[in-house]
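First the structure, in the form of structure tokens, and then the observations on it.
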Amino acid sequence: MIYSFKNDYSECAHPRILQALAETNLVQTDGYGEDIYCRKAIELIQEKIKNASADIHFIAGGTLANIVVISSLLKPYESVISAQTGHIHVHEAGAIESIGHKIHTVESEDGKLKPTDIQEVLDVHTDEHMVRPKAVYISNSSEVGSLYSKKELTDLSQFCRANHLYLFLDGARLGSALTSKYSDISLAEIAELVDIFYIGGTKNGALFGEAIVITHPDLKSHFRYYLKQKGALLAKGRVFGIQFLELFKDDLYFQLAQHANEVADKLAQEIQNQHFKFLSLPQTNQIFPILPNHLIEKLQVNYGFYIWKKIDEQHSAIRLVTSWATQEKDIEGFILEMKKVKF
Amino acid sequence: MIYSFKNDYSECAHPRILQALAETNLVQTDGYGEDIYCRKAIELIQEKIKNASADIHFIAGGTLANIVVISSLLKPYESVISAQTGHIHVHEAGAIESIGHKIHTVESEDGKLKPTDIQEVLDVHTDEHMVRPKAVYISNSSEVGSLYSKKELTDLSQFCRANHLYLFLDGARLGSALTSKYSDISLAEIAELVDIFYIGGTKNGALFGEAIVITHPDLKSHFRYYLKQKGALLAKGRVFGIQFLELFKDDLYFQLAQHANEVADKLAQEIQNQHFKFLSLPQTNQIFPILPNHLIEKLQVNYGFYIWKKIDEQHSAIRLVTSWATQEKDIEGFILEMKKVKF
Amino acid sequence: MIYSFKNDYSECAHPRILQALAETNLVQTDGYGEDIYCRKAIELIQEKIKNASADIHFIAGGTLANIVVISSLLKPYESVISAQTGHIHVHEAGAIESIGHKIHTVESEDGKLKPTDIQEVLDVHTDEHMVRPKAVYISNSSEVGSLYSKKELTDLSQFCRANHLYLFLDGARLGSALTSKYSDISLAEIAELVDIFYIGGTKNGALFGEAIVITHPDLKSHFRYYLKQKGALLAKGRVFGIQFLELFKDDLYFQLAQHANEVADKLAQEIQNQHFKFLSLPQTNQIFPILPNHLIEKLQVNYGFYIWKKIDEQHSAIRLVTSWATQEKDIEGFILEMKKVKF
Amino acid sequence: MIYSFKNDYSECAHPRILQALAETNLVQTDGYGEDIYCRKAIELIQEKIKNASADIHFIAGGTLANIVVISSLLKPYESVISAQTGHIHVHEAGAIESIGHKIHTVESEDGKLKPTDIQEVLDVHTDEHMVRPKAVYISNSSEVGSLYSKKELTDLSQFCRANHLYLFLDGARLGSALTSKYSDISLAEIAELVDIFYIGGTKNGALFGEAIVITHPDLKSHFRYYLKQKGALLAKGRVFGIQFLELFKDDLYFQLAQHANEVADKLAQEIQNQHFKFLSLPQTNQIFPILPNHLIEKLQVNYGFYIWKKIDEQHSAIRLVTSWATQEKDIEGFILEMKKVKF
């Protein structure tokens, strides 16, 4: 294997993260996130989102974040609406149902939700014989690499507020969304438009960790109880604080995401130069070129990636993911290999 | 604050752990624990427990381990028996009930369970109007610092097997238990006597992480589904493998625990030299001296620790916890302070 | 209101049911279904299904039956497959998710499932990042009034057994299914082909009550624990036994269902005579004529029924349900009204 | 068997109940409790409790009532406090834990809770590492036949309100409590002092059914969703309305309970006349005489009852339960038998 484009978590952490852990290693702190590093990281994130009253909590991963957040959003008879491609629907082994809640799914070509999608669900859930939709789950960038524009997210936000629905944004790949050249929205604007969201660290250079941001006042109360009950309060919670402090003290977070986007963009252009099409417009660090199967087979010898979707008998879309750690030479090597095997 | 004896997780990780993370940092691996480091760590632990067919999984912390394990042990109508001091009963915010299961509690002075305790629960749960006890939860060393002898654990194991009860050992502080000078049992013997247990890393020098060991054949199937559903599969699962590899490749795990025990032992002896009594025999890295309240108040100025229990109007038991990182000078400082404030 | 075709539970119980309750009223029995009437009713049903080793339990209603049965079928990480029209998916307020399980839904025009539908779900649920499909939920007659033929149910049964899936049949309207002139399958054959099912009493003349029949040996153990835990064990369980004894001692159950089908059939023929079409072939006691909206509005003055589906701007399908209590004159009155308002 | 004193649900329903069902049998109504009988019964009960704004819902049995009510009272991290003898703790197969909530139990000789008991639980549950007690569960009359005085219930009510705890009264045997000659509290006063409670029908002459009364405004919203989701909405909900209408239209409910108390009282006096003692003061329709084991054995030949508790090697307490259907002659027969076997 020369290089794996399977995921943005194939390497470990950005060196500055490990450095920061080493430097603070023997300092004693209180446990469970009640330490100076977590407090400072929280302040820093509050500044970045321009909301000093937001509540911020750290958690180890995306599925655990989704479990804790959705548990805190819904009463037993309430449900959440998601695109059919949503991570909570497909790839969390029934985690949300396991805590008691139905997920309504909406067909979505681009992995995004629109107000009309949600209205359709509301229209058919009208009495106590059915669950009551109360939250909307979106991801940005989405599971299929797409982005919400400021207009789209504003529309969604207004619709949700008018219909008393909580809007929850899964930001496992939020860095990649915000630094895409196609994005017209800022972190502070996202914090303004949604009720609760998280800033993903795992897929953007952290060892692990996501920062859950709660802006809706009704959702702040007793949140640490949910964290504890779901097993998400880490004894050495400082590990989160130290990492997010490092990521946000000088925009390292955004630099890493931008780098991943840029190498993905270069990779996409090179593939396009060879006259291949894409399943969807390459916008973030996940791109989905459509290649002939015989080419895919040859590329698989030296490169790692997932086959995403069968297109026809001769072609499939593959998924290529870049990260903060992907280097120009990895892109070049892959393109060279493509050219080589084509002939 | 000169030094905190509040917990064995007040510092971060043993330097060798951070070193190992740094050395492997840019190696690409598959996610979710399906990497070479996890595989090697598993083999190493299988050797240490002398059971090549044991299944081993890594997880971020104790409460999450208890959630996942107990979820995998019980059917909806089954329950678990614990000492009233058990971590699952008191200090997990209802995590076990939250996944649907009743905990039967047994009064226990020393934090340990005996076959007669369990028999009493079995005797009164006899039909479908009541839950059906199916698992026994113990911890070693226990929440109050006590230890199971080989005889005690053997008796418990035989009783459980005769009564078709799964025996689950919470080993958040297993290192401290095994290296206590009072312990007569080995890691391999524990693996032989219980059906499922975990080897705690968080409280013994790891950044975080526990290794769940499954020896009972009925409990192995589909365990990763439970991990995923409860949000416990970490994308960068390698972080567990790298740490446990480091901890077990040359007995670092045992050395760290033994160090914690030895400084606790020294601390206990010095306190005893000053004619103070203990709530229970100091055996592991948690000790519970009984001190006059006025002395406690003065010690609190420069030292961190929890007041554990009111003894009488003038006295309380405090809890002092040492770790791999506690140094001789921390002990000496504390003792000096004790002597100073006494006069 | 002259007559309501809204449901098959608009009247109370067949008079023989009330008579049987009155006759046994002061006999003392043990509670919770451990009485002579339940035992006799169980034996009677075992005879009717030609399976003396089937386990049989009584329960108050369909949603409760679905909760208890599905809870007993699935491990925490397992899921159930249903048609999108399935009662468990749409009309139980999230009851199944509330006990922790995902429902996979399959688009189905006729409310029935085919092996290929199930295969599609199996194909995309292949590892621990997703739930594991383990049960298939079907209803006969279905929520849209359709029927499984012997061939269809046999195919489904073989497919499920080959794929280690439990096949669960919701028989809330089983009487109507078995006595339809289009049905070619017997109660005993159904018991042979599925693993667990229930015989609906509520919608076929009982005060309330369904008889859950378990034929798969793995599903019998500890079933009463599930009943008790979900609040389904009734203190005066005899009420179930007395009713099912009455319904099955001389085929009253089948006579009542057949009556409902026959009046529905007559109603359908009369509607067809007036040149109206149907959403689906009328086969059981639920029929779905497509009528002009202006006619519907006028019929609503004196008759009760639900509007089922908008067909076009001028037309809608309505649902008419007959029961054991519907009389010829109710049919005739409705038809007369139709004719009257047409002119 | 001459007569069974095992339970107050050994017979079926009071004849007037069956009569009322027969009289209304063919009237068509809407389903799920949205019928004229339920509406009238609700108004009647609102009058009896002197609270026209109370919400009232009917449900089939006690365990199901406890499940639905407690589910509606608590957030995922909240818990309920009960006496160790509480039905929810011991005899519901883990139903409350099954919906995710911990039950704190308090030792109680007489089956009742006092403010000091609750304070003790509150004192040790202070942060997010533990569940948060939010509701108090009591039963009147209790599982051991005892009663709350007006003073006791007022104290408890004030304490709960001061501490923001919901007070929930299980009234499975409320009739027996209210008509005891030892009781000084009325139905309307109970409705005033607790936040939610139910009026038990099953154990007082109904075929089955309990009326849940909600007086606390925060608890009224969306209650029918809980009912539906837990499988408690009965299609023929009218059956509840018709029964409670009959029970309350002329105080039949109280007459039946009073009768049960009176025959229990007579039974107790006769037993006392024979110089036997009781485990606790006989106050309601459950009495607990302490008898020599050899006498118990002989009584068991012709009479049904449960042995409640071993007192010493020679003696046990038994439980005798009377009902609306117990006749003077049943009491006399039992006493005669006692006298006979004594000699």
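Here the chain labels run A, B, C and D in written order, and each chain numbers its own residues starting at 1.
The criterion applied here is as follows: contacts are C-beta pairs under 8 Å (C-beta built on N, C-alpha and C of every residue); 3 or more make two chains touch, one makes a residue touch a chain.
Since the model is a prediction, treat every value here as computed from it, not as a measurement.
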Taking each chain's C-alpha mean as its centre, the one farthest from chain B: C
Between the pairs A-C and A-B, the one where more C-beta pairs touch: A-B
Centre-to-centre distance between chain C and chain A (centres being mean Cα positions), rounded to whole Å: 43
Centroid distance [mean C-alpha coordinates] between chain D and chain A, Å: 51
Distance from the mean Cα position of chain B to that of chain A, given in whole angstrom: 34
For chain D, residues that touch 2 or more chains besides their own: 76-77, 92-94, 98-100, 128-129, 131, 225, 228-229, 233
Residue ranges of chain D in contact with chain B within the complex: 76-77, 79, 90-94, 97-102, 128-131
Touching residues on chain A, where the partner in the complex is chain D: 32, 71, 75-77, 99-100, 128-129, 131-132, 222, 224-229, 233
For the chain A and chain B complex, residues of the former touching the latter: 1, 3-4, 6-7, 9-13, 15, 18, 21-22, 24-31, 60-68, 92-95, 98, 202-203, 207-208, 225, 228-236, 238-239, 304, 325
